[in-house]
Every structure is written in structure tokens, then in C-alpha cells.
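The first chain written gets the first letter, and so on, giving A, B and C; residue counts start at 1 in each chain.
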Amino acid sequence: MIDIDLIQKRLVNLIFLTILLYHLRFLRMKGYNKSMSKNKTRTFGISWWIGLVLFAGMICLMLGDILHRDGVIGSKTDVLVMGTNAGFKPFEYIDNNQVVGFDIDLAREIAKSLGKDLKVEDMSFDGLLPALDSGQIDMVAAGMTVTPEREKNALFSDPYYSASQRIIVKKGSPIRNKYQLPGRKIGVQLGTTGDTLASKIAGASVTQFQTAPSVLQELSSGKIEAVILDDAPAKQYSAGFSDLEILPGALSDESYAIAIKKDNKDLLEKVNKEIAKMKKDGRYEKLIRKYFGEEAKS
Amino acid sequence: MNFWEVIFGGGRWLFLWHGLEVTLVLTVLSLILGSAIGVLVALMRTSNLRPFGRMKTSRLANFNPLASLGKIYVDIIRGTPLLVQLLIMYYVVFGSYQFMPKIFVAAVAFGINSGAYIAEIIRGGIQSIDKGQMEAARSLGLSNWQAMRLVILPQAMRNSLPALISEFIALLKETSVVGWIGLNDIMRGADNIRFQTATAFQSLFAAAAMYLILTAIFTRVMARVERKLKHDDDQR
Amino acid sequence: MTMISVKNLKKTFGTNRVLRDIDVEIEEGEIVVVVGSSGSGKSTFLRCLNLLEEPTSGEIIVDGVKITDPHVNLNALRQNIGMVFQQFNLFPNLSVIENIKLAPKKLRKFSDQKATKLARSLLDDVGLLDKADASPNSLSGGQKQRVAIARALAMEPKIMLFDEPTSALDPEMIGEVLDVIRKVAKKGMTMVIVTHEMKFAREVGTRMIFLDKGEIIENGTPEQVMDHPKTERAKKFFAK
């Protein structure tokens, strides 16, 4: 797991530290000798200066190490920083301690077209737009639905994915379309568009769950009658439950787009251009297939 | 889980090692910046600039803009919490400079903070020097600045060394709040271990021990510096 | 040639009038001894001569330069006026020889070698060559004052001011300091000495000024002033 380069650096630092400590011990002995001689004009002997230089060297090495870890040096200085919230499979999720997903790959293509390296900042979903506004990130790619509210605070690129809210029921359920939902027991994921929709259905009793799998588990065990979810995670997660089916027909249509800081029209233009190009030359198709399987729509 | 396993299992000691690097580097950078600011502000506050001195009757005659500026700075910094200053520095001042590494942002915040305390210590040191020293230097023909630099400041620094050492140690410990802006110092490293292993005792004690060792080494070195300066003075 | 010319010099501290209307001329090579009881303004008068105290009003001309002019270069002026203080005021952060070398190196732009040579010869003059690398704090009062004199002489000033150079010394050390001052006096330098050592004043001084309550009330040779004072105040002072 730990690479050799890092261990080498650790070792160099440790050696420095040891020399420094040893040096201090050595100093003390010399200090006593010095008090014997009276005609000493130099305040600090050579050993003090060696110690100081060693210490300064160690601090510089450590600083280099920190900056390296921070991605400031050792990589191209031109970096495109994207913010996301890694808990939205397949758009962004954590795999092997790394943030991966559709949005990450998409953003990487965009960064490449700009000649920059991509840096991913994982933060809470509601902190994304403020971070964009304060300039800590260049753009947000987080499966973010374009809404009039959000458009007041940021620019949005052309949509790169059309999402919809879908109804999931147990196989053989009497519920076959959205008009049969009123008065039913419905499960949703907390804070999603589905949550908002369900709360508007007359007479329905809505139960909110933290994660998509736990909603589906509840449906499978029969405690609720229907679930409303974004289509992509619905497909991903319901595959694990053989007794569930996704009803055809969308409850609503919405689109995901990349958010960019309000005054950065230049970046917006470039992002739009690259998305259009990707759709044309098949890279977009490839990404869709990679994350949604063969039969996915484009 | 035993202590060894909590700290060293799964490469977790790296959290603490990286933390040590951040804490040490941050302390040294802030110290350099803080000392520079401290000396500058102390000089401002002890300066004798009276641009309206000729208006003998006016209240403005005793107005010293540099000293007032220094006093405002010291009052603001000492009157607000360090954490607030750090967060303002990170989110407001450097909010739109995303390429400024966090370690430098934090060093600037801590440097400005400790600068105010160091300034007060050095000001006390300068004022403790006998007036005759300045007069003797000026009577030789040295300028005010030369006299300050060559005669007054070296003595003031030495007189304030014990207080400066306490301030440096306080700074080292105060850097433990940088976790707030996402810098992984010793404290945050310990927190990471704590969350990963769901233990509290081992990681927190490891962090405490690291701080203790750092301050102990620093105190010893400084005590030696102090002894050396004193010794050289009396028995050159 | 007139070295120092003082006209209508006044100095007040708040409401306290320390110097009232001092007029005096000092020729080149003169050794002027200023005497008077404590609080008579002797030290203030001396400190006005190199503007350590800023006169409230009046005019002082030193070596042809009107130093009370606000545009005068004070630092250049002071290089020509050496001063020795009652409290020595050696710099404890520097060794004895560094104390002496400081001003020549910084102001006369001497190389370290040249400054060391000068400092060593001055230390030899005051008999303290063996203390060159010592710390000022390790010296006795008399030794400190001798170093302070050497330090002032290192700028090779035209005028030397002595502000009660022996008042802070133990009696047995006064002699060694006076010896050094005598030696300097023989070189023909213009000197103004504030002192309480009457025997020394009579021996060294070519002129004596008696100050009382901020005014010069006697001005003449030491013999005239001490043996035949014209004023009651001076008579009373010397009778002690």
C-alpha cells in the first residue's frame, strides 16, 4: 500500500532528526568546556550553526513533503478543481479510498481538453455551491439537478444526463402507475427530488431513509408499498433484489449539469463545447456504457 | 486493541507522522513571520514620530500615527479568538486564492496572531533598556535606527527571551486548531485514528506525548541558548 | 577661533526653568570646567551642546554650524562631539573592543582590521588592552569609564563633553579616570567638563564657569573663580 518513495522520504527525515538530537547532546558537553575558556568572543560556536542548518534543512524537507501531499508541487501547476459529494452511485462514489464515478471521468475529459490536471474535492452536498462561490473549487459535478433556485447562484452547463424519478414496486403489486400512488405507503431517500415529489402526493404516508439500499430493503420486506428514486441509483441498487421491479414511465424529468462560478463564462463555454464534442465522437457513449451497462439510453 | 495496534496497525502511524510534519513546519513558519511582525510592531509602538509636534497647544501634538496603528493591531488580535482569525484568513482573505497552499494560509494567520503577542513582549524589552544606552549610541553619531538595531534591540531581545520562549511554546500548542481548515496536524491525525479505530485513549495520549516531547526539546534548546547568552555577557 | 558659541540659551521642563539665558563662547583648545551645586543646570547645559536635550529657545553654534537649526544633520554633528556619561553607558551586548569599534565601523566606514587597530591603540592609551575581549559587565566602574572615554575618542571628535565622569565611581577609582582625562587634555582638544572634583578642575581647566539656578554667575580662570569669586553664592560654594 505505502509506496517506496514515501518510505525513503520518511527515512531521510528520521535520519535528520536523529542527527539533530545527537548533535544537541554533543553540544551540551562542549558547552561545559567552553565555560572554562574566558577569551571567547564568538557567541555561538560552529556546532550551533550546524545544528541550525540541519534543522532548517529538515523543516524544508517536511514542507516539501506537505506541499507534495497537498498536490501543490510535483504536479502540473495548472489544476482544475472540481467539487463533488461522493455518495451518489454511479455518478460519484468511493472505491478503494478514491473518489470515482461518471462525473469524475467526465470532469477529467473536460480538464484534459483544457490542458489541466483534475483535482477532486469531496465535500458535503450543501457546501458545494458556497465553495464554488468563494472560489475554492472551479466547478461542481455532483449529479446536480438544475433548478431555478440554484441557477440564481451559479451558471449551469448544458445538461449531460437526463434523469427521471421512477417508481419501484414489488413484483405483482397492484400499483402500476403514478395515479395509483395517493393514499399509499411510500418510501424515499432523504433530501432527494423524490422526497419532494412524494410529499406532494395526496394522502400518502411518506417514510424517509438515509440510503437507497435501506429503502429497497424495506420495500422488499413489505413494510412499504412503493419507492420513488432517481432512475440511475434505482437501477444500480434494485438489481440486488430479485423481487422488485421498476415501473415504466417517469414521474418527472430533470437534468444533471455542471455548475460553474457565476462570473466564469469562459469556463462555461469550454465545458459546453467539450460535452458537445464528447457526445459526437462517442466518448460519452463509452462512459454511459461503463457506468450504466449496455442497454442504457444515451 | 492494544496501544501498538491502534497506532501502528494499518499504517495509521502515518497520520501522526504527517501531523508532526505539519505541526512542526507550521510552528516554524509562523514563528519566523510572527517574530518579524513582532519586532516591526514593537518598533512602531516605541517610535517617536510626532508629525504634529510643532502644534504645541493642539492635542495632536502627542499623536503618533505609527504607535496608534501598532496599538490597534495588537488590540484587535489580542481581543479576538485565534480560531476566528484563522477561519477569516482561510475563508475570507484567501477564499478566492485557491492555489495558496493551506499550510501558508495557516502560517500567515498564526504569524499575524503571535506577532501581536511577540510585539508586546519585545516592546516591554525595549522599554526596560536604560535610556542612557540610546543616548550613548546617539552621542556617537549613530542614527536612531542604527542605535535601535545595534544596541537596543539585541539587549531587548535577550531580556525578553524567557517570555518569548513561553510564547513560542504556546504557539506550538495553539497550532492544534488548524484541523478546522482541513490541515492534518498532530491533533487531526489523532482524530483520524480515533474515528478509524473507535478508540479514544491511545490516539489522544499519543498526540499528547508528541506535543510534550516537542515542547520539551524546544524548552531545553532555548534554555541552553539563554544560558549561553547570559554566560557570554558576564564572562566573555 | 571660536569652537562653541551659545546665545540666549533657555531650557524649560514643563514649568521648571532649568536654564535661563546662557551666553558663553568657548575657543578652540580651551578646557572649560563647569561647576555648581546639583540642580544648577550643569548637566542640562552640557547635554544641550550635542542636542541630547533640545533647547527651548536660543542659538548654539558649534564649529561654525548653527546646530539649533531644525534642518541640521544631527548625526553628522554628533560625530564631531564625543560625550562621556556619569553612568558610563557601555553597551553590554558587545565586548569591550566591539564597543569601541562600533562607531568607526558604522560611521567612518572603517574596515574591521583598521577599526581593530584603532581600538587596540585607544585601549592601550587607557591601559586596558588586556580587557579587549572582556564583557563590559565584568569590569570595575573605573575601567568602564576608561573604556567609555576610549569609545568617544574613537570617532576622533573635535570636542569632548564629560558629564560628571567620576560621580558614580568608588573613591579609589577616581584617580585612574582623571589620569586618562588629563592625558586627553594634553592633546589640545576642546573639552567641556562638568565635575565636582575641585582640585582636578583647578589643575586641568583653562577656564571655569560657575552655574547657579540656570545662570552663569562666574566665568574666568579657575584661580579667579575659586580664589576670588565675585558673588556671594560662589563664595559660599567654594568655602565648603
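Rule of thumb we're sticking to: contacts are C-beta pairs under 8 Å (C-beta built on N, C-alpha and C of every residue); 3 or more make two chains touch, one makes a residue touch a chain.
Since the model is a prediction, treat every value here as computed from it, not as a measurement.
S.K.: Can you list every chain in contact with both chain A and chain C?
M.R.: The common neighbours are B.
S.K.: Farthest chain from chain A, going by mean C-alpha coordinates, please.
M.R.: So the farthest one, by centre of C-alpha atoms, is C.
S.K.: If you average the Cα atoms of each chain, whose average lands nearest the overall Cα average?
M.R.: Chain B is the most central one.
S.K.: Which whole number of Å gives the spacing of the CA centres of chain A and chain C?
M.R.: Those two chain centres are 78 Å apart.
S.K.: In angstrom, rounded to a whole number, how far apart do the mean CA points of chain B and chain C lie?
M.R.: The mean C-alpha positions of chain B and chain C differ by 44 Å.
S.K.: Could you state the distance in Å from the CA-based centre of chain A to that of chain B?
M.R.: One centre to the other, that is 36 Å.
S.K.: I need the residues of chain C touching at least two other chains; which ones are they?
M.R.: 95, 133-134
S.K.: At least two partner chains per residue is the criterion; list those residues in chain B.
M.R.: Correct list: 232, 235-236.
S.K.: Residue numbers in chain A touching 2 or more other chains?
M.R.: As it turns out, chain A has residues touching two or more other chains at 38-41.
S.K.: Can you check the complex and tell me which residues of chain B touch chain A?
M.R.: 11, 14, 17-18, 21-22, 24-25, 28-29, 91, 95-99, 101-103, 217, 220-221, 224, 227-229, 231-232, 235-236
S.K.: Spell out the part of chain B that touches chain C in their complex, as residue ranges.
M.R.: 130, 132-133, 135-143, 146, 150-151, 154-155, 158, 232-236
S.K.: Along chain C, where are the residues that touch chain B in the complex?
M.R.: 50, 52, 75-79, 81-83, 85, 87, 89-93, 95, 102-103, 106-107, 133-135, 137-138, 148, 151-152, 155
S.K.: Residue numbers of chain A touching chain B in their complex, please.
M.R.: 1-2, 10, 13, 21, 24, 27-28, 31, 35, 38-41, 43-44, 59, 62-63, 65-67, 69-70, 72, 77, 79, 81, 134-138
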